[in-house]
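Chains: A, B, C and D, in written order; residue numbering restarts at 1 for each.
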Amino acid sequence: MSMLRAGIVGATGAVGQKFIELLRGHPWFKITALVASDRSVGRKYRDAVNWIGAAEIPASVASMEVSSFSNDLPCDVVFSGLHASVADHAEPKLAKAGYPVISNAKSFRMHPDVPLLIPEINPDHTFLIKNQDWQSAGYIVTNPNCSTVGLTCALKPLHDRFGLEAVQVTTMQALSGAGYPGVSSLDALANVVPFIGGEEDKLVHEPNKLLGTITGGTLHPQSIRISAQCNRVPVLEGHLECISVKLSTSVSRGEVHDAFESFVSPIKDLCLPTEPEKLLHVFEDERFPQPRRHSDLGGGMTVSIGRIRPCEVLDYKFVALSHNTIRGAAGGAVLNAELLIKQGLLKARDA
Amino acid sequence: MSMLRAGIVGATGAVGQKFIELLRGHPWFKITALVASDRSVGRKYRDAVNWIGAAEIPASVASMEVSSFSNDLPCDVVFSGLHASVADHAEPKLAKAGYPVISNAKSFRMHPDVPLLIPEINPDHTFLIKNQDWQSAGYIVTNPNCSTVGLTCALKPLHDRFGLEAVQVTTMQALSGAGYPGVSSLDALANVVPFIGGEEDKLVHEPNKLLGTITGGTLHPQSIRISAQCNRVPVLEGHLECISVKLSTSVSRGEVHDAFESFVSPIKDLCLPTEPEKLLHVFEDERFPQPRRHSDLGGGMTVSIGRIRPCEVLDYKFVALSHNTIRGAAGGAVLNAELLIKQGLLKARDA
Amino acid sequence: MSMLRAGIVGATGAVGQKFIELLRGHPWFKITALVASDRSVGRKYRDAVNWIGAAEIPASVASMEVSSFSNDLPCDVVFSGLHASVADHAEPKLAKAGYPVISNAKSFRMHPDVPLLIPEINPDHTFLIKNQDWQSAGYIVTNPNCSTVGLTCALKPLHDRFGLEAVQVTTMQALSGAGYPGVSSLDALANVVPFIGGEEDKLVHEPNKLLGTITGGTLHPQSIRISAQCNRVPVLEGHLECISVKLSTSVSRGEVHDAFESFVSPIKDLCLPTEPEKLLHVFEDERFPQPRRHSDLGGGMTVSIGRIRPCEVLDYKFVALSHNTIRGAAGGAVLNAELLIKQGLLKARDA
Amino acid sequence: MSMLRAGIVGATGAVGQKFIELLRGHPWFKITALVASDRSVGRKYRDAVNWIGAAEIPASVASMEVSSFSNDLPCDVVFSGLHASVADHAEPKLAKAGYPVISNAKSFRMHPDVPLLIPEINPDHTFLIKNQDWQSAGYIVTNPNCSTVGLTCALKPLHDRFGLEAVQVTTMQALSGAGYPGVSSLDALANVVPFIGGEEDKLVHEPNKLLGTITGGTLHPQSIRISAQCNRVPVLEGHLECISVKLSTSVSRGEVHDAFESFVSPIKDLCLPTEPEKLLHVFEDERFPQPRRHSDLGGGMTVSIGRIRPCEVLDYKFVALSHNTIRGAAGGAVLNAELLIKQGLLKARDA
């Protein structure tokens, strides 16, 4: 397979930068277009960006020129790190212009014909693409909100084995989830902010779409009752979630533990480059997982589980941790694109 | 009323230091004895202590000599900031020697004859003192665990008005709750530790004792089902708690709000010096309360409530914040002692 | 003396908020005007401001209406928390309109006719006011940059007694010095930024003006060589500075210590409400002063000194700490206004 | 070359853990012995250690049994992460028993016959080994204190080209430099501690030894006047230093910049696995280097330089950053061992 040409829109933002980091040395994609807002257009990427990463900008990207939105981007696929306010308009335009758009924006996540995709959870949802009316040309595929991913990956094996009736989740979310500059240090340092605009709603709805089933060509979401309380904590990367679940079946702690431990990704055999060896890692040490220490497991793509124990109110409780800018954003999107290639839905466009 | 003489045991520890801070300028108590472990005995307090407070040691205390445990402490009441491992033995000895012991330790909190006391919540529980078999001489009164206080103060008006069936609570607790040196900075900085040893059990049992009723001379605890998930976050002071409740009655959000807003302390008329003007402060701004900004409300004795809203799984959810080393430890204990004075249970001992 | 009417311009900004906090209950000033930018004009202060303080907005101020800039503000004195970009134009206008402007902005600090004032250091510099050509009406008086204050207060006794030839200073400055939202939490958390735009220049020039002498009606600044390296550290309040000095005289460590210890404010007898009991507090404990623990000394108006010891390169080195938003901004400005009252330069304007 | 067998003493401590991390997959060393204190002896490493790293314990090491100190350790070289109090006695014993001891402890750093070694700076100092009177059997080689390394690497090119007369350095040091549990979170969070016991003395003496010359078989240290002020800041990894230097020659800023930029490691041709591509990386962006973002450059072995500019008091000032637990501790020690292999001073011991 020859390398696919990847364009990144919103290339100077926090998510755009993460795309560039994660595509460095990727075996299937090479970056061929960087798109950003007017004030960046025409400048070298290194001059246009306020690079916030730890390492330096990959040399090949640093000297690329930033281009403007157009219907003629030199790429086979577009990774979108746009804010929703821009994505609302820009992503359909790109799809209509023939580009597969792999989006991290929230704009179309709940659209009935747009897959909200976690490859290990619902790879069959890409079936929805054929319903997209701009599909003759391109399409949009989205990854979930950063706090949804860890929750849904943790719920999946419980839902499959035991049935899920209700979920309580309290999140402690990293600062990087708010982008850059994002949260003021005067709000963040030595503090917790018990509110993140719009976040709790996403946690109520997105997991039900992700765990939904495709029948008769349309998606039927689940109707698990989910209640979320979202907090911003002074952590850099990694959303930690305290979860309590009510199951449809009476099961032992051992069975819950085993459901997590023995979960096997349905796409394991595709050997996607960004898929971690294990989707779920279960810690026995009751002090773990911790965001600073364990978010990077599996290259930031593994979701960690810990402290599985009975709940006095629902059935079982536990904690889950996932890397919010890798698994929860750019890494999840790249994995989506890899799945689409293997499913034959993403390929080189005719020159 | 002449000033009562206060002794502080565990005087060099974090809680002992807080007692000293809070008794500075107190209208009813003067510090007359400082008791600490052997290696401090005989030294001036300023030389024995590693003072961790922001202000300086009150001058009158700085030059006092630290004394050893004895049955002959020159004081009318003992405030105990001891660790449970020492309190287990030391507090009964002090009680038998005739001292009222106002304890912050967990050792006797769940003892059926020892009041677990929050003056605004269960002032009548001091009735239990007369059951204490060392009572002929002295007695023990305890305040709850730091994470219990905020929860119980928030639950009280709901329990009184609507009845409580179940409670889910996820805590985000300040570092100072672990004492000094307590949590290593390498565990704390930019991190969350999703485990605090023994904490979750206290949250299950202590509120049920605090909300219990005295009938026939004994305490009948409630049997509300409580499930707790406790986390240590990089915050200095203030435990923030995300709470969800199932009520016995179907009520509107406005009624819940009103229950908090209109709660009146049953001991308001006693005008205790450490009692805040309002036990509960309800924030309307959905970003509040925040530990760094609001823990000090009411001199650290007010519990803040925010984000009252329906819960998709139980009935209502909200956040509560309380200052863990003032309301949740030394301040709570001082308020207990003030109540005992007004109830005639604490007075000058015969010389 | 009847209360003077105080107007605050830039009332919704971080410095403006601090003015409001510090003037709460002030014996000489009452707030009678709040001025902010167009989008706030006409709204109640509580609705216009994003209040970042720990306590709540003083009730009397919360319900005041925000007004626009005009030549007809109902006040006797204007406290300016404006950014320099606005102050450049607005402050001279206010002065020409007859208002004494007590400014925290950098715009006119180095103007030869504008006093750069720390009352305990150079109270005689207010003499310069009469040189101001808008003076027939009003005038401008400034306080120094937040990092200059601690340094200059520490240098003053050394300069007076021993003569100063050269100063090396490395600062570790709090986040609040950058205003709100100021530094992004992604830059601040668990990090140091070794650069603060424009800061080092201020440290080179402002102390020389502050320590200058008035002769023949004009100011003659000192020419002490000062080299500064400024860093932003994850601290909320309090600029800590590592200082090394070359003196004109050979002196012992004891003499340096004594110079700090025995420094007496030249305005002590004026009993200004905001002046701390001691300008300089010398710590003997080599771990002190620390920003989080000691910035509040003297109500945030005391400068702390510690670790006095010989320097292997210059003569002596030590650390100094000062509260950057109180002593280094709003508190310093209020103290300036208090001095001006006592000097007869600030009084009620004719109605 | 067959793999050398490496023993780690102090294997459960913070430095010991870092040795294990850095030797994972090392091409020249395999870990064959783990030595710790009595309470760990006989236990599997995973059970004996409180692993503080981000990743998990390498599987091969996790199941190794911890052994006690002896003269019969199954290894060719010993890496010592011991505290000085233990190293004082243990390291000479190991040397006498025939082991090359690659030590991170301070015990023998200033011993005239023990090399204090940074391979890129003074590789010829290993000549001193032959003076060690326990040398017939083994020997000791040390790496410098964590705060010395960055300073000395930065000074080396200036010293070589221009001559150095005096150095002022203010450090902002990471928490990990104090080991585990090290600094209490109550001292660290949102605070700076302007004191690190013993640190300033090391900065005065160690660079002079490192930059010294070997003549007549003995080491002649330099006599550069160095003054240090050391601070602990809430950063996890990376010591940032503000440095000012007085040179023997008058040079331009460009020449200083070029001295850093064009520095070539004298051991480049040895191709040591742990040597970074560049010892010194010069940043042009005045906001850089920053500890959280840039400590990991060159695998944590590169020292970053930034903000080169004239100094108003000495000649030039700049900042330097180095990773304190890699370049400044375990990584430096591993590089020392690699150099010794290439110099023929470290080889397989006879069985």
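FYI, a residue touches a chain if its C-beta (ideal position, glycine included) is under 8 Å from a C-beta of that chain, and two chains touch if they have at least 3 such contacts.
Not measured: the values here are computed from a predicted model.
The most distant chain from chain D, with centres taken as the mean of CA atoms, is B. Set side by side, B-C and B-D show the greater C-beta contact count at B-D.
Centre-to-centre separation of chain A and chain B, using mean CA positions: 43 Å. Taking the mean of the C-alpha atoms as each chain's centre, chain B and chain C sit 40 Å apart. Our note on geometry: chain B versus chain D, Cα centroid distance of 48 Å, whole angstroms. Of all residues in chain B, those that touch two or more other chains are 52, 187, 189-190, 234, 236, 292-293. Chain contact summary for the complex, chain A toward chain D: residues 52-55, 189-190, 236, 292-294, 296-297. Chain C meets chain A in the complex at residues 52, 175-176, 180-190, 234, 236. Across the complex, chain A is touched by residues 166-168, 170, 172, 187, 189-195, 204, 225-227, 229, 231, 233-236, 240, 242, 244, 246, 286-293, 306-307, 311-314, 317, 319 of chain B.
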